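Next up: the structures, one after another.
First chain A sits with chain B, and in the next complex the same chain sits with chain C.
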Partner chain A sequence: MSRDILLEIKNLTVSVKKDGKDFPIVKGVDIEVPRGKIVGIVGESGCGKSMTAKSINGILPRAARITGGSIIWHDKNGEERDLSSLSEKKLRTICGSEISMVFQEPMTSLNPMMRIGKQVEEVLLIHGLAKSKAEAKEKVIKMLDEVGIAEPELRYNSFPHELSGGMRQRVIIAMAVIAEPKLLIADEPTTALDVTIEAQILKLIRKMCEIHSMSVIIITHNMGVVSKICDDAYVMYMGRIMEHSTTERLFRRPVHPYTRGLLSSIPRIGEDKEYLETIPGNIPEIDKEIRGCEFCLRCSDDIQSCFFEKPEEKEIEEGHFVRCHSVEVLRGGSKVL
Partner chain B sequence: MAWFAKRLLGILLVLLEIMFLIFIMLRVIPGDPASVLLNEHVSPAAIEKLTVSMGLDKSLSEQFIDYLKDALRGDFGLSYYLHKNVGELIYEAFPYTARLACMAAVFAWSFGIVSGIVSVMYHDRILDYLFRGLSLLGISVPIFMVAMFLQYLIYYRLGMLPLNFNGSFVSLLLPAVALGWDSAGSVARITRSQLMEQMGEPYIDTAKAKGLYFSRAVLRHALRNAILPVITVMALQLSGMLSGAVITESIFGVPGIGRLALTAIQTRDMPLLQGTVLFSAFLIAVGNLLADLINSILDPRRGLK
Partner chain C sequence: MKDKLIIADGMNKSYRIGRGKLHHAVRDVSFEIYRGETLALVGESGCGKSTLAKLIMRLIEADSGEIYFDGNKISALSEKDFRPYRRRMQMVFQDPASSLNPRMKIKDIIAEPVRTWHLYESKGEVEERVKELLDMVELKESALERFPNQFSGGQKQRIAIARAIALSPELLVCDESVSALDVSVQAQILNLLKRLKKELGLSCLFISHDLSVVNFIADRVCVMRDGGICEEGNTADIYAAPKHEYTKYLLSSIPQIPQY
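Moving on, here comes the complex of A and B:
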């Protein structure tokens, strides 16, 4: 292994039950999270990116479950544990202390009936990270200060409804970071916030990642977020990783038609275009079986084999993987950038 | 405290309305109290005399104003049949009803809340189905059936508890279970459905991501949010039970408010019936107010509004 890997998702399959049948929504996903790096998983709503994240700490919704693959957690002393096969009780001892999570909806992700200080403090108390209540409270106030909450002593006693969305997201980040976990999973952390707050929150996540030397997985549908803070990026479509590489390579040379579609859908200031470019069509229903490439129905580059055969993942340059039939064509032809 | 004053005024208005309605209704229904009290063999002159002495010969509006005036002084009239002051009768009957209601509430709420929580923790497993079935029985079987079943099973077959109320604590157990039966069912169902709803909220995922396992997440996080509507229901149940359980009290012979009201109806005892109805209305109004107060205190998002 060339890089120092913290978490390794191998061939992960997650299925949901619908009318008594299992439908895969995450299909054989492989993701590596190196220590201290920020990894982005990007894709449209419903592509399975949240499900991938939620299977790591076992908070999949009732109807969904892991049906294959493994999630390997590498301890610093070299031990390996498969999170997908741990018991609920063992998994919960890792959650919060070593793996924590920031959620999409700051408005509803905090318990409306509990003071925010108590909610942050709970993490310390569950995992026995404070010797006394007084010490816990002190740590919480320090943490609230660190994530940029003004007057933390006062805010300690606030209820969630008394804070703005951005402030609540800061509280959730404080809660996620206070136990100094190795991995932070951020599921659309800025989707519900406005753009100026988004920049602040991303900066905060980056800062926390550096101070506490955490790895971060960021789930997003926003290519802008990926370009701003991610080291590695995975592009996901209908439960499959279509392309992945370092962010820098991916943005320099996007190869998969879906990645290119996502990138050209970003409006640019100063561009003189009447319409914003989009990817035509919608994501098909989950119960629709697709024999060939999942993206073939919306793809602009389709060749015949796209409809009948699943494309394999190919490494087109060092550390840059693409799952597309037209890669060979692209390489040989003139279409490569 | 303007909110509180407004609510109190509201209660007064409701009570006034109730007094008016029950007064009118009792005088619209056929049957003359004087002739019920005496009987058909008595001379018309005697009935006439009694009617005058009860003030029933005056016009309706005069009668109502007299009634209001007396009520304001705390005098709710003399029971025709029991020849006692109505206030005094209610005062004597209330302790029995109160004891019965409190025991029924303790049974109903502890069973209801615990089974609601257990149902959620063991969602879609045997215990869940068992408690769901029981609570369905709770809300669908009428009280008199439960009461007779309990009397048959516990008294007649097992001989464990007395058949009727005899003043002792043990003899109140059966009536309390019979009375609390349907309240237990509805509390269980509301607790369960509220908890299930809360378990789907994102903050539960937050709690689990923090490292709380399922049962702790239910008890520490979901329950706080789920309990508010349950408290409202419980307050209404308690005030309902305190205002008299006609069926339960009659079946088990508990001399409470419910039996008093029944006697009043059977004997056309207008002052007594007016008194018991007014008392029930008062308790229910206060129960409502109390439920709102508790909710406002417990829910940080709601000030006193």
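Moving on, here comes the complex of A and C:
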């Protein structure tokens, strides 16, 4: 393999129990996270993007469990471990120090009763990364400075409610990267923030990724976020990866009707349209069984096989994969991609 | 010059934030909404845009300032005298899940304003109106007997819109009405709002933090910051040549999606 891979999700299936029956919500997902790169998983609510991320560090909600596939973690010395089969105790030694996570709500991720400096310090003390308290404090202040918090010595003693949303998200990022993890999972890290703050936080994540040569998985519903900072992008719909490639290729030449639909339904600045193009219909419920392609009910390109057969993933150009029946047809037909 | 439906003049509102401190949520804001136009208030969280919308609807009372609706001063009216105006201005909120009563059927949710105002003599007429409204928001008649939890977010927002236009209002206030929706659904609702506005000749006060959405839907834009309006103008002009530093900063922060 030419690329240096840190994490490999292979054929991952996650199911939830509903009325005594298993319903898959993540269906045979394959994702590769190269070392030092930012990978984006993009999709609408209920598409399984968060569940995919939560399977990695074993924090799926109780109703959901991994029913198939593996999550391979590649150590630097070439060892491989399947995170999905590790015991909780063993998984914990990796999570927190090697894998950390940033969530959407900066309000609820922090302990309101604890000074922020202490909260960041906790990570160091738990994972034994500081010899003394003084050393830990010094490291925390340095880290707070690095994530762009002004007057870190003063802020060390602040409580979460004294900070703005953007500042809190910076504190959480500080907490997530202070143990120098190899992988940061960010689940909608900027969704609760204003655009100007979003731009700053994305820049910060990019900077952290470069300084600490860390890989990042960003879960988002926002195509703008993907195009701004991700190296690779995966488009998910109803538990399946519909299309994936490098971000640059994906945006230059989106192929899957769902990706194209998503991109054309976003209002853009500098465009004067009477009406937006839309994807008709709604996202089906998870317990709806669909025999063919998950997207066939809302797709404009449907051909007969879409309704009866699951499409396989096809490589349409180097490193650009699409799961769609009409790709072959489109290729041979008159439609220009 | 077109008719002015709403004139807001020198609006102020502050909130007490404890220990005698005041937070100026809206400071000296004046603007007007012409008939048939969509005016957007855009700004970041805490800039006072929602407070301003509530002031216009008189859901909260202003500290000072005047509001005119269709040439009549409504800011000083008593609750009783103001009531006829309530019918002429309606609101659609951000979260469709919490703005619909979960224990009411869709037909009752949409019929409620019509019944409250005794607009029709017979039950049959009310039913007809509800069906007509459902059709306007592109929902099927089978929705009538169902409850809100049987609908997706986008469908719920359609129901909320049907309820808002049930009384044929002249002003529709949309407070972040598409912010909670997925992109593919958001586009549908935006198209719906635009179409309804055209067909019904609605004026619309559209509140949003999303500049791309505003660009699509608004005729004119007021950019708000710290309770005041820092720039106002035609949508095309503001996006093409923002004058205020803050507008420029806002516009430059939006992640651009390359065109394919």
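Some notes on this structure:
The rule we apply is simple: the second predicted complex is superposed on the first by the 336 of 337 C-alpha atoms of A that agree within 3 Å, B and C clash if a C-alpha of one lies under 4 Å from a C-alpha of the other, contacts with A are read in each partner's own complex, and residues count from 1 in each chain.
Here is the rule we use: a contact is a pair of C-beta atoms (placed from the backbone, for glycine too) under 8 Å apart; a residue touches a chain by one contact, two chains touch by 3 or more.
Predicted model, so just to flag it, every value in this text is computed and none were measured.
Looking at the shared chain after the overlay, A:E180 reaches neither chain B nor chain C.
Contacts of A:D231 after superposition on the shared chain: neither chain B nor chain C is touched. After overlaying the two complexes on the shared chain, residue contacts for A:T108 are found with chain B alone; chain C is out of touch. Legend: residue contacts after superposition of the two complexes on their common chain; A:I269 is shown touching chain C, with no touch to chain B. Residue by residue along chain A, chain B and chain C are tallied for touches, and C comes out ahead. In the superposed pair of complexes, A:E44 makes contact with chain C only, with no contact to chain B. In the superposition on chain A, A:R92 makes contact with chain B only, not with chain C.
Residue overlap on chain A between its contacts with chain B in one complex and with chain C in the other: absent. Across the complex, chain B is touched by residues 54, 57-59, 88-89, 92-97, 100-101, 103-105, 108-114, 122-123, 126-127, 159, 161, 172, 175-176 of chain A. Contacts from chain A toward chain C in the complex involve residues 44-45, 165, 194-199, 202, 221-225, 227-228, 251-254, 261-263, 265-280, 282-283. Per the touch definition, chain B reaches chain A in the complex via residues 201-203, 205-214, 220-221, 224-225, 298-301. For chain C in complex with chain A, the touching residues are 44-45, 152-155, 182-188, 190-191, 194-195, 209-213, 215-217, 236, 239, 249-260.
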